[in-house]
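There's a structure below that I have some questions on.
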């Protein structure tokens, strides 16, 4: 057993740090740190810088233009990026669709779509969830009926993150109503500029509109845009959910949030001393730091298994639960550290209290991060997955 | 021992519920005034006709449940404090209360300082500061009456989480009238804590009821969500905690006139209990709803924001817990 | 609204205190405080003192020889008794069987059995649970077959508290296997000296043997010992469970445990000061004290409803959950206050460390009080009861 | 980064598992000695052949899982401390470690005092004190070597929660040899914390596995208990927490030789995490079993008692949390 990074890994970490120092605009990092919404141009700009370095697709094999990183390298990159407050790589093309196309797409599909993800020609979003289905993903009803060389798609998707920026969407659609509900699902690539596609933003509690509803009204999609086989989409969706989750624990984000909280606690005053020296607050801070120390190693243990080719099982569910608990706990403590100042509405524009931007971002983050335990399979679903595996094992 | 409302209070409750059903927006305030609502929060000495713990608890529970955003609490605290100091406000005058400060959870005197009878510094989250006739201001150990149009006073307004308008109050050598030591105004301040806690309790019950309705109506995997035992048991736990919060509010409302040491323990216990339950309900209500609970257009959102605001008003649970554990007074 | 006791209630409280001061032997109170097992004679002696005062059956109407107390009076008596470390009144005759006989028993049964409960001629125990049934009480199998003027009972009961002292047991037995499982249950009074009854103590983690297994091997029971109607026993059992629970929150026990913990925390040393002044420990103590302040009022609110004749619904389930949470939390903190000293085996006899009796009792109490959230319907069952009512309401 | 056991350690683990399967009672100790077990806990300098964090973690996890009650941990700590002070114990000599004191959670020097080279006072929960050749004793800031047969030494033995024999050590002006300041012996003491934590982790996994088996086999209301979602989700939560405890033990075992400040943070984090999880598992395992879990004759009982004992050994979670929060060393 050896808990140290190898010399190669340390060198890689230094290279990542140097890159972030050289390429990450401090004003952009500040926006990320305060959880402000980024413009499409800002996100695309960061992608372009990473792609110029060959680092945009760390998880892709080199044969597809990726960096071919080990899980440990990906972990290092993600942690360093989060701690530097770099924008998160928009996951829909790189982390989600890419691996599915690489595993299940046709040669033509790979040749056409993968380079366009890397060079930014396409902005992808994800059409999985539907209104009324919630965690029952397989209960989806958005229908694709075959009509010659096309599918005709009618239905609705929701919680489509950053869909307002996207020109393409990968969707789970129902191509058959026979058999078990999982069996009639297909994986379809849809051009959002097609006639019949409507996008409406959903405003969330923190005032952001990062998720959307998407309607399809008899949208014609070429059959060539079917990934893999008809009615096999559930298999691809499951592959995507279980294999592309190295960052599910969010160790880097949690570490950045802890750094920030410790800074705030040192600055806030309590009984004439820094709040960080208040025994109760310090103990609460210590508890979450200790949780994070353990989860960080749990994450590395899982990555180490993955690096040896062992498929992740319930580990990703366990990391999702603990990771969201830690991050949401940090959000609570950060709001608490600010006291009354965190009671302004976080969507203030220019009329907010002076110097309160950080306190407001604490409230905005609390509100926004409630999603962590809901999306991508709620923590309740994750518990059922774990318990199901335990009951069988 | 009797936990029933008096006949007068039951009538007040009925009248309030009726008004909240019939009136919204601009029409609400005149209707409340006509029904004697602000006056019910004050004693006869203070220019009202009740001012009891039971009245305050029931009124703010109803307002909190309905999600009414009116600066009644600061007005009540200020009116009571002014009255105690023999400086009655004019009838119906809008009054504000400047308590929270930037740079601290809820310590006083961190961002504001006193020289003679002049105040310099900042207060934050001052509900109703715009248009107030007078503002009650706390400093490290004293209460002050401030005229908003006095020299050196700047008001920077903004919207707050609970839907009210708040403001930062920026003071530069602003003249003010000292009313006395904070420690001597535990009564008016305790009523403020009761009002905030009752408001939170109202929002708690509204959020729990809405969540329960959702779980009963929404179906997944072929069953209503409430049929899933893990969710059902969480609702049961919430129901238990709601009763704890209700009892904490009852305790404070029943001890407003008790010996100050005992009253203060109930002030602190109330903030700790209601604050804890408010946060639990805010978190669980969103989680049990799933994504819909995070959207602006669904009714839960406003409740969640009000719960967050109530959690910190006049000091959060941990701030009061520490003082309770040390045996310190609630206001000093 | 008025949170004060009435003058009559205050006078009653003073009378209870005076009685406890005069009649409760300090040596006996010490045994109770340290959770040592009491002898049968000690329990009977305390019952006799209460009966001499007319207070043994506070919950019984005066027509049956009880004190006819209001719920508030019963609460005052229970709280004062617990804080003075008086022995608990053994509940099986007084609190459980008595009310069932008063409501559903024949005149003959009432005339015969009720006085014998009061004067101590009978020691009753309860035969409800069976091995393998757990919380599924209605799944019981212990069979009573009619044979002329007798039932012939064969089967097993378990978790029979203090059964080793009992000469009588009231049992739920199966008299029919038709219809729903709840429908074939009868309520039977069985003489434990009958041929075919065997009692075996179950040793628990804390070394006590307060619960027992009871076997019935073709035990003949006169039909006169059937309470109410055949196959209606489930109704009587439910009546018993929902109506005899004024003390379910255990406010008095929790208050006594809190008093004790505060005393211990003042005596233990931490960083050269009393542990009670350690900010972390003081905060934990304050949290549980605050929980108890609220629950105490929840309890009074429910009692106040009961005093107005409103039937308890899910309130008793809510009080059971919160009451056990508070008491078990107090047990944790008390063990923690003692530190290493609480790591001796609590069944030491004479060979234990000097002066460690109190620390040992903290561990014994922790172990023994795990039962609080299990017996009488586990907290999980209580949650299901509450959720069921919420789902309907 | 590599979390795999080395080949040597895998062999050690296999051999240990074999022994624990084949031997019980009196026969166990000789078999363990023959397989080199106590020696594997010490470095070559200390008279052993390993003494690494990985070896200590794996050995005590296996022993903890099997519920073995042998005073190996105090012997290991004492041997390492004696060796560090240049006072090697004889090979195979039984050694004890007197650390806990009555009247405090885990402060040192509360019940024991020093005058010159003589000790007066009490130590408690001294595992293996009976028959020990030498006892390592802590005072407020120092470590001492004490001969059990020295004048002024009284040993009062009793059984402990974890199944071992413990004793109170009563000292009246008893002569002892000062080994040095506690702060200089962080290495041996950290290994003790690792051993206690690994023991607890072994008991944690055993208790969780037993509970899972029970929920799968036991049926109620016509279904296995694991089919009840509320119980299933609690098992899932326990599984998550077990991984946290495992990682905390991994962290400490991987940082035994790190810079003392970093090592100490892992000592504290390990006690906090494992202590928290141990208590959670002890509580939930009994609760999920129901009554059977409270009976002496069922296997869970011993695990619960060992978990309770491990929770407090060398300081409980809160005691270490406070020091972590203050940035204090683990041993001083």
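Going in written order, the chains are labelled A, B, C and D, and every chain counts its residues from 1.
By definition in this document, a residue touches a chain if its C-beta (ideal position, glycine included) is under 8 Å from a C-beta of that chain, and two chains touch if they have at least 3 such contacts.
Predicted model only: the values in this text are computed from it and were never measured.
Undergrad: What's the minimum number of touch steps needed to get from chain A to chain C?
TA: 1
Undergrad: Can you work out the whole-Å distance between the CA centroids of chain B and chain C?
TA: The separation of the two C-alpha centroids amounts to 41 Å.
Undergrad: Take the average of all CA coordinates in chain B, do the same for chain D, and state the distance between these two points in whole angstrom.
TA: A distance of 50 Å separates the two centres.
Undergrad: Centroid of chain C to centroid of chain D, CA atoms only: how many Å?
TA: 37
Undergrad: Two-or-more-chain contact residues of chain A, please, as numbers and ranges.
TA: In chain A, residues 279-280, 283, 380, 383 touch at least two other chains, as defined above.
Undergrad: By residue number and range, which residues of chain B touch two or more other chains?
TA: In chain B, the residues touching two or more other chains are 228-230, 232-233, 321-322.
Undergrad: Which word fits how the chains touch one another: line, ring, star, complete or other?
TA: complete
Undergrad: Using the touch rule from the top, collect the residues of chain D that touch chain A in their complex.
TA: Chain D residues touching chain A: 1-6, 9, 53-54, 212, 216, 226-227, 229, 232-233, 235-237, 239-240, 243-248, 250-251, 253-255, 265-266, 268-269, 272-273, 321-322, 324-326.
Undergrad: For the complex, which residues does chain A have touching chain C?
TA: 279-280, 283
Undergrad: Give the list of chain A residues in touch with chain B in this complex.
TA: 129, 133-136, 139, 158-159, 202-205, 207, 211, 267-271, 275, 278, 280-281, 284, 328, 332, 335-346, 348, 351-356, 359, 363, 366-367, 370-371, 373-375, 378-380, 383
Undergrad: Which residues of chain D touch chain B in their complex?
TA: My answer: residues 228-230, 232-233.
Undergrad: Can you list the chain A residues touching chain D in their complex?
TA: 1-6, 9, 72, 279, 282-283, 285-287, 290-291, 293-298, 300-301, 304, 314, 317-318, 321-322, 380, 382-384, 386-388, 390-391
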